[in-house]
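The following pair of complexes shares a single chain, chain A, combined with chain B in the former and chain C in the latter.
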Partner chain A sequence: MMRFKRYLWTLASVAALLAMGGGATASAASAPAPKFITIGTLYAGSGNYATSSLPELAGLKFWISQVNAKGGVYVKAYHKKIKIRLVDYNDQSDPNTATTQYAQLITQDKVNILVSDFGSVLTAAAVTVAKEHKMVLFDPTGTGSSFFTPPSPYIVLTSLPTSAVWPDSFAKYLIALGKKRVAIVYATNDFDGAQDATLVAALKAHHITPVYNNGVDTATSNYTVIIHNMAQTHPDAAVEFGYPNNDITFFQNLSASGVHFPFLFTIFPGQQLALLTQNVGAKALSDTFTYPTPPLLAYNKGITYGLSLNAFAKAIKPQIKSAPNFLDIAGYQAGLVIQKTLETSKSLSQLDLRAAAGRIRFFTLDGQYKLAKSGAQLGELLPVAQLQPTKSGGVAPVIVYPQSVATGKAVATH
Partner chain B sequence: MLYALVAGILFGLYYALISLGLNLSFGVLRMVNLAHGDFVMIGGFTAVVLYSSWHVHPLVSLVLGAAAVFVVGIALYYLLVPRIATTKDPEMISLVLFFGLSQVIEALAVIHFGNNEQSIFDPVFGTQPVSLLGQSLPAVWLVSGLVSLVALALVYLYLYRSRLGYSTRAVMASREEAEVSGINLHRVSAIAFGIGLGLAAAAGALAPFMLGGITPDIGTGLTTTAFAVIVLGSLGNPMGTIAGGLIYGIALMLMQTYLPSWASLLPYVLLLLVLLVRPSGLFGRQVRSA
Partner chain C sequence: MRRGVWRDGAILLAVAVVLLLLPKAYSNQMLLFQLMVYLALSQGVNILYGFTGYLPFGYVGFFGIGAYGASLAMLDLHFAPLLGILAGAVVALLLGLLLSPLLRLSGAYFAIASLAASQAVYLVIANPSLQNITYGPYGIQLPNQFNPIASYYTMVVVLLLAVGVVLYIRRSRFGMALQAMRDDPVSAAMSGVPVVRERIAAWLISAALAGVVGGVFAWQTSVFYPDAVFTLSISIFAIVFALFGGVGTLLGPMFGTVVLFGMYNMIGISDPQYFQLIYGLLIVALVIFLPDGVASLLRKKGIHVL
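Now for the complex of A and B:
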């Protein structure tokens, strides 16, 4: 009898709890929909990362303008379309300023969605703040591997794979080419450091120890002596991992030094070809190897969500007054991921948003989107391309590895 | 090792040119011009714009930019410095004011030129490296070294072989005594301030070749490094700046050779070492109190 009473008591308690939970759900569903979905983000209006951050913001703003022109984004939690409002602050490329402003977006502006600034250096500040406040961070381009060390329930990398994955194809290509004397210089930040670690590990697995492997500060403004020191090791392949400012300085110093590397790889000609060409000239870039990203990888067919590359380029041109680069696309892609997340999330709670972002499977102008449990991006491919001279005096990327996606063959370097 | 030493000497001469104007301004004004690096940036953009628009050779831009900024510097002196001098704490006020000026210049540069790096990639100084002491170096480094030496020599001649220079040195030694002896304090200081900024702009014309792409925000970092160089040589002693620049350049290139990851810390490490070991700098007899 006593046991039966206890059983009834437990049953009643469970029923009461369920009722309370149901009531809570019902009250959330019946709560009035917000007038806006507020997205908070930072951008670098000046400093080292402005070159990359501003186009990324332009891409996000373009997505917002597109969505709002159609009456807003469909929010499943309220079964209606709601317009997007953007709150953005200028962090001036300073991680310390960014830390304060990310916290301000969450605590003062009470944004619904948090989007980080460009790159790993400025995203690192957001990762910590987002974790502290249990806020999902939509991360367009911060690919530092450390952000995705489990448990990482509050981050969604919307665009590129984590930086440690980037050199996979490139390392295989170097090995396939039979390169034995590889010289590497990398900027000492999460993004470039992770790539160096991956490349070195892959080479060492094939008993290739780099003949030169040194890190330099991301703000390095002259590589002349470093280039000389690399050349002294007589490499058959030279690799420079850096941000756009590093690549520009490296190419300038290389041209002036008279040093010639038989094989040269850098990152950003594949993402910001126009900027690099404007600063170092097509001749300096000719025959360089790089990771091609959209728009150099042109996705126009098989798009299941958002605009194709051609449609995007045409639509965004009035806003940015030029052809889009990868960062414009990355900003737009972040918007698409947010849009799909809101369309499928059962509530605006941060964990529901994160779960919805994890379920997304689509193919956009940025390629395949597929999220790992860690929040890292798995879908996109980073092959190896060579910038080859064109008849008009410029350079154009030819994908040379892996064979499955190759569009041509590498040519001998000048 | 020899390559790093030769490169360090040339790079050090360039940094001496960047820093010399800051020390000259400090010597006569006893104020640190935190906007100094922004005038290097202005000189850099002047060279880039003149070359991209009219193919003006950067060495011509160097002269034009330095002359224009010299005039601007004199005007800026009369606009700002006499007012600061009448305040209770001119040193502190000047720090805030020049910091503000730096921010304004940077913001204006962003508005006019955008945030993207800008540079000159045509081989205006030749396509082949040159050989110096058996080391193959970019031709522009040699040009930069020569330009720096010429500029440093002109400053030396100005300070030690001209009447205005004697007055300038008198002001640097003691503003009060110079004023009592009938020297026109503001005239001498304005000219020295203008020369200081002109030297910064001259260095800026070579920056697209020596420092990579020019962006509006490079000024702050350059001011910091220039400050380290002049503290190394000794504050208020323009000629000590040459030694400071050479030590900085050689140390930087040696660091890039043997400890590249730590090279960017060099200005701060040197600054701390000098302040701890020899606060008056290596040529510290003429150290100023500020």
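Now for the complex of A and C:
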């Protein structure tokens, strides 16, 4: 009898708990929609990453202005449009400051959506904080492979593939050209180191050992000795992997040194051509090979979501007072991914947002978006382009590899 | 003496209670954690500069090597986090021992030499050729050890340890010997104080403390690159916080850290450019008008600062 009573009590308790749970679910569903969807992000207003971080923020702000002008973003969880509000802090390119500020965005500003700052160094700080608070991190350009080691349920790389994948086409191109003496200098950070490792592995698989392969500190301000050391190995191809500041310094020192490499590849002319041209001149960039990213890689047709490249360039110009670069597009692309996520997520819970971001399949001005389970980006490809001189005295990209997307042929370097 | 011990115990208890209750009142635990990191590091600077007169601009070297020592012990030797942190402290201690000849220098020469040493350690750690040992420039990941709550409470214990050590030094013969050496090393030596031994002991205590703090920081952060734990701003913050409050005291560096780090997070998060201006002006004013920190102001008014 006693046992039966206890059984009844247990049943009653379970029923009561279920009723309370059901009530809670019902009340969540009928909870009033928030006045704003708050997005929190950081930007580097000064320091090493400012030149890249500021355009990325400008792209995100542009997306917000576009969405808010139309009455907000459609949020499926509430079946209505809600305006976006942005909370942004300046981390000054300092990862320790960024750590505190990411936590501030989550714990004090109670943001609904967290977006990381530019690049792997400033994104690394966000990865830990997002994981601690079980918050999805929309990551526009932090491509460090280590962030996407499973299990990684709280990260969404919105724009580029992980850095280790970047040189795939480039390595094949070097091999196809029959280059045997490759000299590589890379900045010792996750982004550039991963690319060096991939390139060297691909070359070695074809029995090509680089004649020069050395790392330099990312803060290096003089490549002169390195350039001469590379030249002494008589390379038929020279590769410099770095951040924009490294590329600028490398080109400036190369021009001053009088050294000429028969084939030269660097990363950032393909992303920030205006910045590089402004700092080193079009002549120094002429014939250089690079990864072309939008806007150099122009996607105007087949766009299934957001603005085409031409429309974007026209619309953003009044805000940024110049032609957009890749990082403006990366910021805008992060906004598009957030928009589509909110449009399709059944609730604003972080795991539902992450699941919705994983289901997205669209083609934007940034190319194909497709997310791996690890949160890494799979859709976009990075072909190889050459910056060829134009009649107006500038340079323009010609995609030379792979053949399926090529827009022209490489010309011999002068 | 007994009254002093009770007072020390009360201070430790008060610090512990405040730090354990703070997360209930303020939910940005990362900020509180960083506050504790700087509270402990400023006490480390205090032990060295306040009691021996050696200003360690390269103090971050011990912090960084502690972070790496702990992380590598956890990753490669599969140590439990607490044991890993202890390993980080031992590595920092060994580095301190290796660099102890720097104590032959003094003043600005020592400050610059310690800075150069910390940069040398950073460049060795971040060297891509040592990737198999240190993971080079590609940073550390401790996803399996990640435990923000346990690392927070461990940091509370480490901070209490740092406060306890300073309290002990202030009261002990060892601390008095250090202060005598700081004021006049020749007279201290002639009075029978083993100058070199005591100075090295203070240097090693300070190094080990930074190593422990670095280890707990690595555990809490769990994903970091070498520049995050070897950035010079860590040294500068710890030194400025200690100097602002007043070195040679317990409460001075704590006051300096709470005020300046608090200010940094009140103004610095939203408007860092204003913060930098205010910070710069404050440091200039400090050097000109209060070279011995806020504590000296109170001392002039006859108030004893612990």
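FYI, the second predicted complex is superposed on the first by the 390 of 414 C-alpha atoms of A that agree within 3 Å, B and C clash if a C-alpha of one lies under 4 Å from a C-alpha of the other, contacts with A are read in each partner's own complex, and residues count from 1 in each chain.
The rule is simple: contacts are C-beta pairs under 8 Å (C-beta built on N, C-alpha and C of every residue); 3 or more make two chains touch, one makes a residue touch a chain.
What you see is a predicted model; the values in this text were computed from it and never measured.
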| field | Superposed partners chain B and chain C on chain A - clash or fit | value | clash
| said: Just checking: does A:Q108 make contact with chain B only, chain C only, both, or neither of them? Give me first, second, both or neither. | reply: second
| Given the touch rule stated above, what does A:N222 touch, chain B (first), chain C (second), both, or neither? | first
| said: Applying the document's definition of touch, where does A:S146 land relative to chain B and chain C: first, second, both, or neither? | reply: second
| Looking at the overlay, what does A:S286 touch: chain B (first), chain C (second), both, or neither? | neither
| said: Going by the contact rule set out at the top, does A:G47 touch chain B (first), chain C (second), both, or neither? | reply: first
| query | Looking at the overlay, what does A:T100 touch: chain B (first), chain C (second), both, or neither? | reply | second
| query | In the superposed arrangement, does A:T38 touch chain B (first), chain C (second), both or neither? | reply | neither
| query | After lining up the shared chain so the two structures overlap, which partner does A:N253 touch, if you call chain B first and chain C second: first, second, both or neither? | reply | first
| query | Once the two structures are fitted together, what part of chain A is touched by chain B and by chain C alike? | reply | 45, 92, 188, 215, 217
| said: Show me the residue ranges of chain C that touch chain A in the complex, using the header's touch definition. | reply: 27-31, 34, 123, 126-129, 136-139, 141, 143, 146, 148, 221-225, 227-228, 231, 233-234, 265, 268-273
| remark: Listed in rising order, chain A residues that touch chain C in their complex are 45, 89-90, 92, 94-97, 99-104, 107-108, 120-121, 124-125, 127-129, 131-132, 144, 146-147, 149, 188-190, 193-194, 215, 217-218
| query | Where on chain A is chain B touching in the complex? | reply | 44-48, 50-51, 54, 92-93, 185, 188, 214-217, 219-222, 224-226, 228-229, 244-245, 248-249, 252-253, 255-258, 275, 278-281, 284
| remark: As the complex stands, chain B meets chain A at residues 3-4, 7, 11, 106-107, 110, 115-119, 121-123, 125, 128-129, 136-141, 209-213, 215-217, 221, 253, 256-257, 260-261, 263-264
